[in-house]
Structures are given as C-alpha cells and as structure tokens.
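Following this line, the structures themselves.
Here come two complexes built around subunit A, the first alongside subunit B, the second alongside subunit C.
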Partner chain A sequence: MITLGTQGKNTFLEAVNVKSGANVLECYQCGKCVSTCPVSQYMDFPPREIMQMIKLGLRNECYMANSHWFCLTCSACSGRCPREIDIPAVMEAVRHLAIEENTINTSTKVKEIRKFHQIFLEMIKRYGRNYELRMMAEFNIRTRNLFKDMHLAPKALLKGKIPLGVKPLKSAKAIKRMYEIAEKLEKKK
Partner chain B sequence: MKKLTYFPGCSAHGTSEEFDSTLKLVLKTLDVELEDIPDWNCCGATSAHVMTENLALALPLRNLVLAEKLENTTMGIACASCYQRMKVTKVHMDENPELAKRINTTVVEEGTYQGKVDVKSMLQYAYEDIGLEIIKSKVTKPLTGLKVACYYGCLLTRPKNITQFDSPEYPVSMDQICEALGATATEFDYKTECCGASFSISNTEVVVNLSGQILAMAKESGAHAIVVACPLCQSNLDMRQPDIEKLQGIKYDIPVFYFTQLMALAFGYPIDQLKFPKHIVPVEGALANIGKVVPVPEKIKKPIKAVEAESEVK
Partner chain C sequence: MARVGVFVCFCGANIADYVDVPQVVEEVKRIRDVKYAIEYKYMCSDPGQGMIRDAIVQYKLTSIVVAACSPRMHEKTFRKALSDAGMNPYLLEVANIREHSSWVHQKDKKAATEKAMDLCRMAVAKSIANEQLHEISVPVTKRALVIGGGIAGIQAALDIADARIPVVLVEKSPSIGGKMAQLDETFPTLDCSQCILTPKMVDVASHPYIELIPYAEVLELQGFVGNYKVKIKKKASYVNFKTCTGCGACWQKCPVKVPNEYNMGIDKRKAIYTPFPQAVPNKPVIDAEHCTMLLKGKCGICAKVCLPGAIDYKMEDEIIEREIGAVVVATGYDMWDPKPYEEYGVGRFKDIITSLEFERMVSANGPTNGVPVRPSDGKVPKNVVFIKCIGSRDEAKGIEYCSKICCMYTTKHTILLHHKVHDSHSYVFYMDIRAAGKGYEEFVKKAQVDTGATYLRGRVSKIYKKGDKLMVRGEDAQIGQVVEVEADLVVLATAVIAPKDNPDLARLLGISYDKYGYLSEAHPKLRPVETAKAGIFLAGCTQAPKDIPDTVSQASACAAKVCGLFSGDTMKKDPMVSTISNEYCSGCQNCVKVCPYGAIVTDEVPVGHGSKELRTVAKINEGVCQGCGSCVAICRSMAITLAGFTDPQIINEIVSI
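Presenting the complex of A and B:
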C-alpha cells in the first residue's frame, strides 16, 4: 500500500521545485509529455505519473523509479507541455536528489546506464577529454559484457572511425582541480 | 576575412573527424578564419549533467572563460551536444547571479566569467552569420537531383528558451542550406525526434529502436540520404544502421552526411577530401543521383522562418 506523504508539508515537492526551477503543481495531467516522450515505453512510471507522484509526496517511489534514468533530456515534452513545465529539469532534480540520498533503482539497465556515465566522467577527469575507445572497452569490462559491439569494431577501427588514442589536455591538473571543487560544492548543499 | 572562435569537441578528434575537416574546408571557401580555444576541455556531455549539478556547469564554463580571452565575440561549436551544454551554462550564468558566483569558484585559475562571448552551433552560424545568399554564390557543383532528409535531432533547436534558434518542432535552416546547394529537401516529419543519443553504448536497444524509426521515416520521405549536424546522431544512424537493418529485416542503405560534407562537395572540393570512406553505409549510391533530372518539383516551400510563423499564430 502506498501511504501519502502529505501530512503537513510536502517537502519532496518543495525540494524538486527548488532544484528544478519548475512548479510541478502546475501540471494538470494531460499526458502530452507521455505521448511525446521517445522513451516512455521503457519507463516504469511515464513522466505524467512522476509529476503526480511528486505532487503526492511519494519520495521513495519516485527515487526508485527508472524513469529519470531513462530520460534523454531531449526536451520534446517541455516543448509541447501546455503548462510549459520544464519536465526534463524535474526529472533531473529527482535524479540528483536520488543520488544525493543514495536511493537508486537497482535494475540491470539502470546500473548499466549509471556505469556508462561514471566511466565517461572518469575519462574526462583523467584526460580532460573523452577517450572513446577506452570508454567502450571499460564499459564492456565493467559490465561483464566483453563482446558487446565487437561486430562493429573491425569496421570502425579500420576506417579510422574510432581512433586508438586521445590527445590529453596540457592543463590536465586544472580539470582535476575543477572536479575537486565541484565535489565540495555538491556536498555543501 | 571573418574570425570565429572554434570549439571542436572531443568527437572532432574521433568519431566525427570528417565533420571537423569538411567544416574547415567550407569555412575556408567562405573566408572565415577559425581560432581554436587553447587547451579546451570536454564539455561533460550528457554524463556530467545526469550525474552531478555543479560539474555539469563547471566543465563548459572553463571553455567559456578561455574563449573570452580571445578577441572574437562569437564561439562556433561543431558538436550539437557541446553546443547545448555550453549554451545552457551561458544562459544559467547570465541569468542567475547566485549560481554564477558559486560555479565561478571552479575556474578561479582561468579567470572570471564575464558573458562576453556568444555561443552558436555551426549550423546556426552558417545560417545566420553567413547566410543563404553567400552560400549559394559559392556553389560550383550544384547537388541537383539529390534528395535529402534533414535531421536536426533534439539538441540544436531545443529547449527553445535556451537555443533561441529556428523552430523546436519543424526547423528549416538545414533544409534551406541544402536547397541553396541545389539539393532537394524532402518533407520529413522526424526532423527533431531523438535518436537515442548517449544510450548508444549503455542501452543500445533504445538507440536501435529510435534510430530505426528515423531511418524508416527518412526512407518514406523519398530521401536518398540523411543530413545531420550532430556527431552522435551521425554515428547512431550510420554505425548502427546494419544492426537496425538486421533487426527490422529492411534494407535502408541511407548514408548519413554532415551538412558540411555536402557543402564542401557543392563548393567543388574533390571527393577524396570529403572523408566518405569513413562512413559505414556506402555513399556512392546516393551521390549517383546528383545530376539526374528531378521529374516534378516537390511541394515548394516558402522561405519563412518557422519561428516567425509560430509567433504570428499567437
């Protein structure tokens, strides 16, 4: 059974509104976002339902959903929303709050999506730029899926589509420093 | 001679090297000199903003601050994703002083953000700063007979309040550029649908599905080729095309060009400079249509900007 979190203040709604700069209460549940969303079919709660769950203060249910991990931030929904709500920003706010409170969907797909983003950020921290080949290799190793996309490799490598190396930044230290400061800012809130 | 600050983006040295090199050819013809941002860094792309709030703004900010040290007032960005991250950061920094103060602390060594530099995608730069007339005047080998579906993806025109360029629903800038080159732009309804973007590696199933729909619609529009201005769209539509064909059991054979490749071709650059061998889907079939007579001209498009048309309705 779902218990409503609205006894008194809906702190979840407030947190999402502050973080996203949107006003979720403006949503009148028309569902245009769902029909527009290219990935709503993969979400366990499509955007419209997430909006309503926020209004009801269902913090945990929202955090545990896979929806905000599947959102591609393509902004098709917000472009068509009759209330002009920045829905991708709302999704992003829910995702960031879920990360902060370490309450995250545990499905394999979400794990893989997160792993990809983590590896990408590690590449930038290390080289200042993305090292595509290494990123793909690390992803395959760390998701224990060694042969994923291997059928593409011979063609892509032979054609020089994916280069073997990366030109690291001269000021690679500057990037590491930025990471450290950004991490501190992240903790401050 | 015009000067332009250039942000190539990581993929320019990798998967979209052909975008970068043909862009340079085209701008040489158009008399624009590029000045690279010295020691630029990755904008963080999708991953930074998915995972963190501050780093997602800090990474692009360093490039904006470095760009302000150069003389030019406009920054041209090749990659659509870099463009959007840079523009998002610029808009946030300009409009939210409290946030600007906070994020500025991450780039103290490089300087302080002043908001002097305008950020444009290369498509926007070609359309607004160079203009169709000048592009048309440089064409020596018109692409008559080639029918193209212009695919913009999500990031070049959306969200509207951030990008402030063309229409978020039915943009026409690339179509008009292609027509200036002599090609025919088809009525293509999936112009701004998402290709699956960063799920290319982590969630391939989604990309195969979404990009498959785009290929199907492009084929239905009668196009010989798709034209893009985004490296990720290109690699999803081109590199994943064999997978999509296998899954759907349909042979598409639609090459995916960068708009700069077609521009360079029409400007008369020899074909061996256009990096066509890098494409996974062979381009020869589509290019064979150049020079053939188009039977009946398709629906003639009025050269209006879709944004203006929209505001009139309101």
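Presenting the complex of A and C:
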C-alpha cells in the first residue's frame, strides 16, 4: 500500500525535473516507451511506471528499482515519445540521485552493471579510449566469473573484432587531467 | 388503361451483382400494363432521372415504378423527377430491390432475381391503382414556446425572437439562468460563467419578441404542428411583479431562513427571495412552503416593509393560455444524488461534497466568497481528492452512460483549486479521461502539467476517517498498486441525470423518452433536434448530457428548425394521411385509442340528412396524422382509408403474386 498526501511537496519530482531538464508531469502514461525499450522486459518497473512513480513521489521505490541501471540510454523511447520527454535523461537523473543519496539496488545484476561502468571509466582515464580486451578481462576478474563469454573469444579474435593491443590517444594526458579536476570537484562537494 | 413505365436500377454493383437486372426488365415487359421498361446504371443520377422525364412524355405514361433502393433513400428524388415532367408525384411507386433483395440474398442470385421480379410486379400492380394526391396545406401560428430558461432555452428563445417570431419562454424557477448561473468558470477557456450568461438573460427580459413567464410550468398541450394550444400554470409568487421594484427590503427583513438551493444548501436564504443577485426577473417570490404568514397567518413583515405595496398574500395560481406553432423543450438536467455510495461514507462524512457544491464554494458570489472550505471545521483544504464517474458508467447504480462533462469540469476544478489555494494539491481518481472537444485535451494537459494535479487511474474502493482526515483508497492501475490518499476534502463528480419531471412532461407533450428519462430525438444522427412529433424540438441536456458549446449549438439548431417551420403562412405536408367515412364509422373509438399521434378525436354528426339527433364518429386531424396506418388496421367497420395505401392498391399487390 502506498500512502499519498502525507509528505507535502513532491521534492523527488522537483529534483528529477531539475537534474534531467525534462518535465515528468508531461508524461500521460501511453506506454509507447515501454514497448519501444529493448530492455524493458528485464526491468522491475518499465519506464512508464517509473515516470508515474516519480509523479507520485515514490522516492525509495524508484531508487531501489533496477530500471534506471538497465536503461541503455539508447534514446529509442524519447525518439518516439509523443510528448517528447527526454526519458533517458530522467533515468540518468534517477541514477545520479540514487548514488548521491546512496540508495542503490543491491542485486547482483545491478552490481555488475555498476562495475562495468566503473571499468569503462577507468579505461578512458588510462588510455583516453576503450581497450576492449583488457576491459573484458577486468570485468571477468572483478565479477569473479573468469570464463564468462570465453567461448566467443576465438571467433571474435579471428574476425579482428578484439584488437590485441591498444594505442592510447594523443590527448590521453589531457583526458587524464580532466578526470583529476572532476574528482577534485567531486571531493569538494 | 394504365400505361406504366418501369425503371430498374443497377445501383452500380449493389443490385447488379446479385440480381440479373436485364432479366428483371424482360420479365416486367411481359406485364400487360407496362408500356415501357428499361435498366440503367444509376437511376438516381441526373441522366437516370432524365430518362424517366423523357419516357413520361414520349410514352404518355400514367404511373411510374422505379426498382432501386429503399424509398427512404430516393423516393423524394424520383417524385421530383415526376413533377418536373408535369406528372403528379404520388403516381410513383418504388420497388425496393436493394435492401429487400440484392443485399439480403447475396448467396443466391436466382432467388434474388425472382424476388426482385415479384417486388416489381407488386409495385406495378399497386401503381395502377395509384391516385393523384396533393400536398396538404396547414395554417401556422407563428409563435414558439420554449420550455426551460437555462442556457439552452435562453439561446433558442433569443435566436427565434431575433427572427421576429414571438416566443413564450416558460421557466419553472423564479429566475432564468439554469445550471449555468451556478457555475463559477467554464471549461476550457475559464471565462466567468455569469459574465457570459447574464447579458443574455437581460436580453431575454428586454426582448420585444419574448414573453418571459417565470415561476410557471406547462400543464397541457393540444393541437398539432403549427397549431398548438398550450396551458401554462403560473405559480402564485405572492408578489406583484408590476409594482415590485426589486429593492430587497422584504428579503432583508424576512425572519424565516431556508436552505439555499442556488448554493446547494450550503447557506440559507429567506422565505421571500430571489435565487441570486443577478436574477432575471429581479423580483422576489414567496416560498409558500416556508412562509409563516402563508402557513400560520403570522408575521406579515414583508408586506409592512414593502413601500410599493407589492406583497399580496391572497394571490392564487393563474392559468395562462397561448396559441403556438412549435415547441422547444430545454428542461436541462439534474445532478445524481451519490447516497448509494455507502462505501465512500456519503452522508456520514461531512467533508465529502459534490462537484456542484464545490463549484458554488469556489464561485466568487458563493457562500464562502470563493474559497473552498471543509464543511466539518471550515478550514481551507490542502489535499483534495476528486473522484470521477460517481454514478456514471456504474451499471450497479443504474447509469450505464458517460455523463460527458465530468472529466472536463473536474479538470477545471483542479485548476480553480490551484488558483484559490496555491499550496493545495489535487488528486484525481479516474477511469478514462474523455477530453473530446475543442481545446479540451490541451486543458487537461494544463491541469496535469502546469497545476500538477496527480491523476490516479482507478475507481475508489472505500473512504474512511483517520483523525480529521479522510483516507481515500483506490488502485493506481498505472503502477498496479493500491494507493491511499490522505485528503482534507473529497469532491464527487456526480452523474448528470435527466430531470425527474421529464417523463411527465414527455407524456404531456406526446413525445417519447428513453429509459433514463432523457427525451428522444427523431433520429440519433440525422434528426438530432427534432422529436418524433412534428413541431416539437429538443435543446440541451434534456436530450442527453452535453456541455455548454454543444447545448448552445443545439439550441440554435432548434431556432433554425422553428424559423424554417414558420417560413411560410402555411405548411406543406405529405398527403399520405387517413380519412374516415362518416357513413361507415360506428363510433367505437378504437382508432382514437391506437393513434400514437393523438390525431384522432371524436366528433358528432347528424344521424341522417337534416336530422337533429347526433351520433358519435371519429374525426382525423390531417395536420397531425403521420400516415402510420394503425387506425386502418384496427377499424372494424373498414371506415378508414389511408391515402397512398388504399384497399385496391394493397389488394392489387397481393393478387399480382
């Protein structure tokens, strides 16, 4: 049971709107995003329900959902949304708020997704670009699943889909510097 | 000897695909009286009609048979073709070989062809006995009666009167204005209801062609289209409107307080009152049910303070008679009483109100000066829950239809609430949002996005009390979970229902009504303002729930119909009416009972030539008769004949097959 009307102002809605630049109130619950989304079937709550939950101010329920972690930010939903709502931005806003308030879904899937994000960022920081082979290895090691998808490796290697080495970008140093500044700013908060 | 011409239509593929048209023509040519027969692709087209016109002249035809679609479709077209060729149009017969043969026998071409032949033979046989008939002219009284002084009645009256046709406007309550006068603002433009209505009310009162009879009701309607006689009961107002100046001294001093109907009983009015400050006419009436002077003979204060001496406690109901030619019925609607919703605690919880009560509260001239308050403690509510479809679409409560306006007025209420109480929040429980209308969907968006009203999809299951709040429980189907809203005030969007007097009025006028009490139009699509009875029209919610733009449109449509009816000094009418032979009539009056139009009355004629002794016979008023034939069938003396369907015609048809 959800009780409404006791919290006063819907601060969650306001926070999401400010962070995403979208207006969640615009959503009229048609569900086109749900049938468009390639991963909605894996989500606890499809995008339409997330939008309604934000409208109702269900902050914790929303944070604890896995939907915003599963969102690929492919923007298929917003491309088709009749009210032109930037749904991926809303999902991203929820992700950010969930991290800020440290209320995160604890399921293995979400943990893996977060590790994936982390490793990707590390790759960029180090090489200025992605290094697929290392990224895969790191992911398998850190998720303690060494042989995950290993059977695909020979085929992919033969087709040249996984380069064995990586040539760091010329601007890698500058990118690293960007990271450092961002981290400093983050700490100041 | 009759000379019949037969014209068989292909109707494109509609007939030709399932009926062998050339074979039908060949067969028809064998009939002795048929002098000319031909087929054509589209008989109703201009060349098709030309063929008929030419053949009439060339072959000196005496009657015409067109074998085509239903006479409902093109009988008038072909009659006109006959007239154009100088032939009496009623010498036409239509054999319906489309609806009655090709469309219903698509699987058997042979049988369909044979049936088409039979239909043609019958039509030829009947046409031989056809007689020349002439349209009937009926004189017209050019004055219209409008029943009901809401926005529908006001608009109809003004539009008719502007065409310089006198109008008698009868209103049940002391002032015109109706429900619209109770509204604060109107959707979707939010213009002030009173501001757009009261000028029209004043126009009605001052219009030289409108006779306004307030505080009155229709008692009796007699006669027929163009020639009605109406009896109106003018209820005793106990105030002489001619001398009363409307100064207001009487109602200020009156000691008797009565719940105020205009404000939905939220505050009190006096026993002598005008319903609202902008009332038209702005003259008070005495409520006989509550006035102590009229009940017990004590008081008399109003008479004492009335300087012009307009109070007259001895006034009695007055019967007014008027001759009129047409009637516009615009009796409006009532709001459904939500008492059966016991699960919501209606009646037990004071802070559950209806939408019209909310409307009065947020209205600037309302009992709370435009601020909504909780009836229980007078506090301004912060969380307000609106529940839609209260009664509407609830078959268990006996109302299957959608009331059409609740979605929009609830949307308006959320916006008005936001305007009046800035830190309030609206929750709307709904089943669907029906916002079909110009600017309506945009208006809903305004409520949802700009005012931030929370829409929850589901019917409320129950309401219970928690402290001084009301807990409203329902499902939000959008997230598939049960939600409870803590509410300060609950507003029920109650259904629109037909006025409870509608069935009585319908019987009195001789028109039909549906199972809900709404008056029935002649055709749901193509004749939405006429009733089945000629000269009686419907405007506004008395026919079905509708919003103000639709009501005004229908009222103006009624006015156009009335003006059309009154466009000549006489009216033309189909000559297919019954006539009674006094010689054969035994005066049993069975026909009087079966006539659905009240066209037959009794009359007295001398028993014999020059005799002074009288006997009763039936008499048909051809102005009212619609030619249904019920009287012909019931008459045991075979005294009644229906023109166009005489015994020789029918017998010819039967014999021909």
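Assume the second predicted complex is superposed on the first by the 169 of 189 C-alpha atoms of A that agree within 3 Å, B and C clash if a C-alpha of one lies under 4 Å from a C-alpha of the other, contacts with A are read in each partner's own complex, and residues count from 1 in each chain.
One rule holds for everything that comes next: a contact is a pair of C-beta atoms (placed from the backbone, for glycine too) under 8 Å apart; a residue touches a chain by one contact, two chains touch by 3 or more.
Small disclaimer: the values here were computed from a predicted structure and weren't measured.
Asker: Check the residue A:157 against both partner chains and state whether it touches subunit B (first), subunit C (second), both, or neither.
Answerer: A:157 sits against neither subunit B nor subunit C.
Asker: If you count the residues of subunit A that each partner touches, which comes out higher, subunit B or subunit C?
Answerer: After superposition, B is the partner touching more of subunit A.
Asker: Who does A:49 touch here: subunit B (first), subunit C (second), both, or neither?
Answerer: Touch status of A:49: second partner only.
Asker: Under the stated touch criterion, which partner chain does A:120 make contact with: subunit B (first), subunit C (second), both, or neither?
Answerer: A:120 contacts subunit B only, not subunit C.
Asker: Considering only the touch criterion stated at the top, classify A:30 as touching first (subunit B), second (subunit C), both, or neither.
Answerer: In the superposition, A:30 contacts neither subunit B nor subunit C.
Asker: Of the partners subunit B and subunit C, which touch A:139 in the superposed model: first, second, both, neither?
Answerer: A:139 contacts subunit B only, not subunit C.
Asker: Once bound in the complex, which stretches of subunit A touch subunit B?
Answerer: Interface residues on subunit A, with respect to subunit B: 19, 38-39, 42, 70, 72-76, 78-79, 86, 88, 92, 95-96, 99, 109, 112-118, 120-121, 124, 128-130, 132, 135-136, 139, 148-149, 152, 155-156, 159-163, 166-167, 169-171, 174-175, 177-179, 181-183, 185-186.
Asker: Mind listing the subunit C positions that touch subunit A in their complex?
Answerer: 383, 425, 427, 445, 448-449, 452, 454, 457, 476, 478-487
Asker: Give every residue of subunit A touching subunit C within the complex, in rising order.
Answerer: By the definition above, subunit A touches subunit C via 1-6, 10, 23, 25-26, 28-29, 45, 48-49, 52-53, 55-56, 58.
Asker: Under the touch definition given earlier, write down the residues of subunit B that touch subunit A in their complex.
Answerer: 10-11, 13-15, 17, 39, 41-42, 44-55, 58-59, 62, 102, 105-107, 109-110, 154-155, 158-160, 168-169, 192-194, 196-199, 201-204, 206, 210, 235, 239, 277-280
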